[in-house]
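Right, I'll just put the structure down here and ask away after.
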Amino acid sequence: MEEKKEKNGFEPRLVGILCRWCSYQGADLAGTSRLKYEPNMTVLRVPCSARMSPLFLMKGLTSDIDGILFSGCHPGDCHYISGNMNARRRFVIFKKLLEFAGMEPERIQMSWCSASEDKKWADIVDSVTIEVKKTGPNNKFK
Amino acid sequence: MKELIDKAKELLKEKKVETVIGYREIRGCVVPAYVDSPCDADCLIFDKRCVYNLANYLKWFKNKNVALVLKGCDAKSINVWLQEFQIKRENIFIIGVECYGVMNEKSADAGLSDKCGHCEAHVPNIYDAVIKHQGDKKESVQGEPFKDIQEFEKLPHDERWDFWKKQFEKCIKCYACREICPMCYCKECIVERNIPQWIMSSPSVKGNFEWNMVRAFHLAGRCVECGECERACPVNIPLMKLNKKLIKEMKELFDYSAGQKEDVKSAIDDFYPEKDIKIDDKMIR
Amino acid sequence: MKIGVFVCHCGTNISAVIDVQKVVNDLAKMPGVFAMDYKFMCSDPGQNMIISEIKQKKLDAVIVAACSPCLHELTFRNTLIRGGLNPYMLEIANIREQDSWVHTDRDKATEKAVRLAKMAVAKAKRNQPLFPQEVSVEKSCLVIGGGIAGIQAAIDISSAGYQTVIVEKEPSIGGKMAMFDKTFPTLDCSACILTPKMVQASQSKKVKIYTYSEVEEIGGYVGNFNARIRVKARSVNMEKCTGCGICWQKCPVKVNSEFEQNLGPRKAVYVPFAQAVPNVPVIDCVNCTYYRSKRQNPESKGLCRICEKFCPAGAIEFDQKDKIIEEKFGAVIVATGFSAFDHKVYGEYGAGRYKDVVTALQFERLLNSSGPTQGKILRPSDSKEARTIVFVQCVGSRDESKGVPYCSRVCCMYTAKQALLLKEHIPDANAYVFYIDIRAAGKNYEEFIERVQDEYGVLYLRGRVSKIYRTGDGALLVRGADTLSGTQVEISADMVVLATGLVSNPETVKLGQMIGIPYDKNRFFTESHPKLAPAETQTAGVFICGACQFPKDIPDSVAQAGAAASKVLGLFSQEHLMLEPVLACVNQKICNGCFHCRAVCPYNAIDEEILKDKSVVARVIESKCHGCGNCISACPVSAVDLKGYTNEQILEQLQSLR
Amino acid sequence: MISEMKKFIISKNELKKILAGIVAENIKLIAPVSRDNAFFLEEVSDAEKIAWDYSNVVKPVKEHIFPMREVLLDFGRGTDPPALDEPEARSSGKEKNPAGNMPPVKEQVIFGLRPCDARSLLVLDKPFLQEKYVDSYYKERREKTTLIAMACLNPEKTCLCSSFENGGPFSSAGSDVLCVQTGQDEFLVEILSEKGEKIFKNPSFAQPSGEVLKKLENLKADSEAKICKALKVPENLRELFEAGTWETESLSCIACGICRYLSATCYCFNITDEFEQRLRYWIPCSFKNYTKMTSGEISREKKSARFKHWYFHKFSYHKDNFGEYLCVGCGRCIKYCPVKIDFTEVLGKIGNSKQEQ
Amino acid sequence: MQNIYLPELAKIEKITEETPDIKTFDISFADAGAREKFTYLPGQFIMMSVFGFGEAPFGLASTPDRKGYFQCSIKKMGKVTSEIHRLDAGNIVGIRGPYGNGFPVKEIEGQRLLFIAGGIGLAPLRSLIYYCFERRKKFPDITILYGARTVKDLVYKPELKKWQEDKSIKTVLTVDPGGEDKNWTGKIGLVPKILAEMNPFAENTAVVLCGPPIMIKFTFIELLRMGFREKQVITTLERTMQCGVGKCGHCSIDKYYVCKDGPVFNYEQIKTFLEEI
């Protein structure tokens, strides 16, 4: 019973690392247009998705965070020209490695979200929250 | 192995190199050999038991000119070193050796190690001289290289996690896998950094998981699959399983395998133009 | 380390959803943290409160939990400067746009606000004081695109005494406006108001015009851009040529003129239009017989060369090569304009098969006295006079299916103008306009439309044209609906003019990626802020004006050009420029010299340095680095770190959620 | 001489029953277990899982007295001032402060360790216990441990335990109980201390007959004959610090941590804080950062200097400080070295390198 | 069973900024019992721990006669020290110690004293200097030679000024070449060079030396050239330390443990070390 209650009563602790030029402004726009989404994700601002080293994924998951989302500009829109492309490769390789080691793929997510896609940002946060809530708490390192 | 010894003697006589690093046999097992003078070059041998990747010793011979006896898989490490500006090509003389498989020390029946099962680098792709292979040229069984990886991927993720958790629990953080790997040449490894403390230095489940993940990630697109890390691990953690997974991904996604050419940008730093990327869109929302 | 946390109510924007007092209490529990709240933190009393707290409690770092950093990061940084603290010891927790406005559950939102504030404290604890980098400013501006917007910007900047360079792809500046006959609503002759501007620009000592040339590469950063411009070979010597015109009279080759929208011919050596600036012809080496023969067999002497024989000034130089010009600029203004929508995608309007279905620009050329028909409105098919003309609005605008969802703003006005001009040319001609909504939101615009309908009797039919047929005797049968009278309408017209919408210049993508400025899904350049900064882009030192930002009419383009010019003058007025100190720096004791960082750096801002012990390590060129952080994720030993967003800070932020 | 009174014969199942009894009394039983074709001393819940046919376990027994990672202090998460908790409060069961959640140290019995490992604890006792500062963590675990050693019937070619005074495959030094497998199902058990007494409470088992004792003697003899390695430390080792050809000997060493960690007697450690716990963990002196000072300077930077320090600490410094070599000859450093360096050979080459000059 | 790794809780009373990266901390123990128990000799060191970040050894800079609190001067170098530099007055730290053997105050009684310090090395010497000031009868003649990289890096500036005015002691300050600024009156040059210029009287003089290893090495050469006997030259060795009680093996040099057999050695012992310092 405890496990089941804890599952649906479980409030996942999520971290979103956003690039300040596109995704962060998209999230702000979601705010100005008063869209409503889940409050579980705490947002961290970095200059570019290229700054999001895949090691943050690992460090996040080992300091009992249930899910991490990287969000950057669409290919071609990057303020720093090719930052998001390098970030994409590093992210994909590290996610495949973590998945191979047994980490649930829903805990590690990446998204492209531009400064004008406020609706998309709200949907991303909601779907990530639901997915991580489904996979349950991250007690691999308790 | 007369050809190998003559080549070593010739190099040392003409003072082209200061030392020749090869293999030697003492008390029944094969150890690395450092030959400085032509007269004691007779101890050099090459056979099934020469498993070490001698390219690793370049860490301590960085700007001396040295000759190396290298198998096919080991020579690929030189390509990665050149790709990352660690040595100058003219400083080293590569004595390539045609090899048809080396022994797997850890298996009871001392059969060929599984990297040789699908080896396609019998003759090194970078060398200054080649020593022909004496024994039978048994063509390696061209099995599907990543079959065990694909099977392991099919397991559910918590089963995979239990497998790796049990393996990482054994890790004693002796870093033999780092010191034996030619790709780990950093002056100060990321493990020794405490501002910020990327990796928990104590051998806990968290610390070992972080260490093995970062080590495997740093080999993405760089590991030449010489299998030394798994051989050196005293507690038998299947490290090559992690590396092979990344080799499979780099091949499938970016069509890149380590150590082929030395003037190309490593795949992890490169990127396709917008459209024709093989990463399926499910990975990124 | 003493940290001050200031939580803002933002009136009720924040306090309506978040229990601000609980946030303050939770934060005050942390060691070394003083927390307080105020109704309007960004107001003057709010800022003075911060300053007094800094002085009184000798704070080392300040956290403001309020609205998004994009709004008030600068204001609070200046507050810190006034309070005597380094401006980079400030951290902002965004608890309005990303918390109170987007959540409804009160205590979950409050708990999220506490998490955001604690994360900001964790980052502020490891902030280092940073000092902006002083950089010199090159006092010269590059204007890309020589349309009315580019010319106006160049004139404004050069009138302030600064050197300006215009780079225009076509052989002459003037852009699309040179093609127009009259302009609405004043019906001034377009050439009469454009030519003085062009001449003023060409005669100004401070303006250098490179026509028939393109920008190939732009590097550097605000105040120190270096651009490489390719001036394509005109095969005519600019100094010697007097513009007498003998060469293009004698030239035997006739080709469709792009300027005349393929309605009229031009020669292989041509000047796009009479009042071209510079009035120097260009030899079109694709169609010129001499160059074609040279391509067949390069050794031969080449045929024709008639223009060379007849040129009194001997200005023809067939062996002229492209010139590459490298120049340094302090700012860049992008004014690349628009291009007309290609109406062939509309099958119902004949998909370009009917010669008498012309685009608005083609009709403009027909109206123009210097056009191919010297102002007479003749049907391109059999050049008979067209007495009934149907104008179709919104062709390639407000049409999601054709990928052009927006309204191009100017078609309603220029269609009305063209209808008026038609009636002036042929008083008893009858003009019909099929429209969805008339958009005339400018000064005297509505009155102009009224005049066209009443005075000139142009018939406005509210409805879309469903099909255009070509009947046997060459007339065009236009079938549409008139929703006001609720009836089907069928008109047999001599000619149909499609009011094609304005789409982005095809070069936008290449140019945007070259300079590093983003563009939206309609390929128009994205301005820094739609309301507050329409002429700026997110990249410092790069400004946009004219139709390349979004379709607009001439008054708006000129106004925006003035705005862009004023921003550039603001930039040039400062002796030194303060550059963001958020740059990468390498810890050379740890660097292995593997140069993964240089492989990923989009600005190649990393070069080699030989240390005393002869080991080669990486070094960041501070002036070229934009602080994106790509090198930090690529470095295996994280020997390089980004000031302001160090690895230690981000890890502390992750671990503050434990 | 093994005294008569404390020796008896026991069968394998009785031995297993006794071991199961230990687990029943809620005492931690640690015994050799086979995992991925290597043997480790691990906590065992049922006696069936114990492996019997092993030469020696990979990790030495010091792993259970001086653990690879041991939490020294737990100062609570973010309470200011930190609520200190330490073994005193733990062992005496005193109501710990809310933050202190370190598990108390349980009684433990280690079965199946080899005589060389048992002797290594005697060697480790000196630096940890007989100094001005007594290490309370080591002392507490040492007192709560009972060692049941299993004599070596066939030592490996890398073993050299007989080169030490009280060494040898059948040596009883350091262990509380010594078992010798004399027959297929017959064990000669000898009690050596009261702790051993507590385990085999009622020795109602048969006394060993003369013939069993004779079998014991020749088992011991041919076991000692199997040892082919010997340790010969040059006397003038201190002069060889400069003179010795350490440079060439250390060429093939890759400076990993295997010989330090798996050595039965190496005891260097680091103390570090992880979030709200202070813990210590093993660290080998072969890493470059082992002697890195805060000024960034490293005193033993060259690989040969670190290689040399291991030999000198084991065979010179420790002998000067504590009177015996810091080695028990378990041979793990030879067996597990990835590049097959044999320290006895290195000492031999260094020893006679002086004569050549 | 006394737990040797358990620190005592102590409060930071006052923090004074000596130079941009060196601060002096006045620390006093939380409970009175520990305060009395804590007696030390000049030259000993303590292990200070910031809970959650780690522990590091710091020399005691105050004289043992000053009851109530002791002082440590800490330079911002690594993880623990930069966290210490973030602390404010009133925060809690953990103190373990005192460890090490301290200066041989008995042997150097009655002799002439020559203190040579480099950079932060003045901290442990300052403890001995004030110890000698309290007992001027036993230590009549004191000379202090103190050098630092730049004028900004000189620590205890007010006290240096006081020592320069005090006629009974000879104080010589120097900065490395290029480190001086306009109103610098002291000498310019490395410590060994200035020592050679001073050419102190070698007879019946004890030399106490503390500073970075390179300075110690070159000063040894100078002192021996000037005829100082090896037993008279005393120095403290800088080594990385983890436990501070002679267990962890990090501070080993030759067969000695710097933390247990004393950070203070005389040159006679150091000469016998196999490894150079």
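Going by the order they are written in, the chains are A, B, C, D and E; count residues from 1 in each one.
Keep this in mind: a residue touches a chain if its C-beta (ideal position, glycine included) is under 8 Å from a C-beta of that chain, and two chains touch if they have at least 3 such contacts.
Model, not experiment: these values are computed from the prediction.
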| note | Per-chain C-alpha mean nearest global C-alpha mean belongs to chain A
| Chain located farthest away, centre of chain D as origin (C-alpha) | C
| request: Tell me which of A-B and B-C has more C-beta pairs in contact. | output: A-B
| query | If you average the CA atoms of chain A and of chain E, how far apart do the two points sit, in angstrom? | reply | 51
| remark: Cα centroid separation, chain A vs chain C, in Å, comes to 32
| query | Whole-Å distance, chain B centre to chain E centre, using C-alpha means? | reply | 49
| remark: Two or more other chains are touched by the chain B residues 188, 195, 197-198, 200, 268-270
| said: Can you list every residue of chain A that touches 2 or more other chains, as numbers and ranges? | reply: 54, 59, 76, 82, 86, 90
| message | Where in chain E do residues touch two or more of the other chains? | response | 54, 78
| task | State the interface residues of chain B toward chain D in the complex, per the touch definition above. | result | 26-27, 29-32, 34, 52, 56-57, 60, 106, 108, 170, 172-176, 178-180, 188, 192, 200-204, 228, 231-232, 234-236
| query | In the complex of these two chains, what residues of chain D are touching chain B? | reply | 35-38, 40, 58-59, 68-69, 248, 251-252, 254-258, 260-262, 270, 272, 274, 279, 281-282, 284, 287-289, 303, 336, 338-342, 345
| Contact set on chain B toward chain A in their complex | 152-153, 157-165, 198, 200, 205-206, 209-210, 212-214, 216-217, 220, 242, 245-246, 249-250, 253-254, 267-272, 274, 277, 279, 283-285
| remark: Residue positions on chain C within touch of chain A in the complex are 68-70, 94, 96-99, 101-105, 108-109, 111-112, 115-116, 119, 509, 513, 516, 518-520, 526, 538-539, 582, 600, 602-603, 626-630, 632-634, 638, 642, 645, 647, 650-651, 653-655, 657-658
| note | Touching chain E in the complex, chain B uses residues 194-195, 197
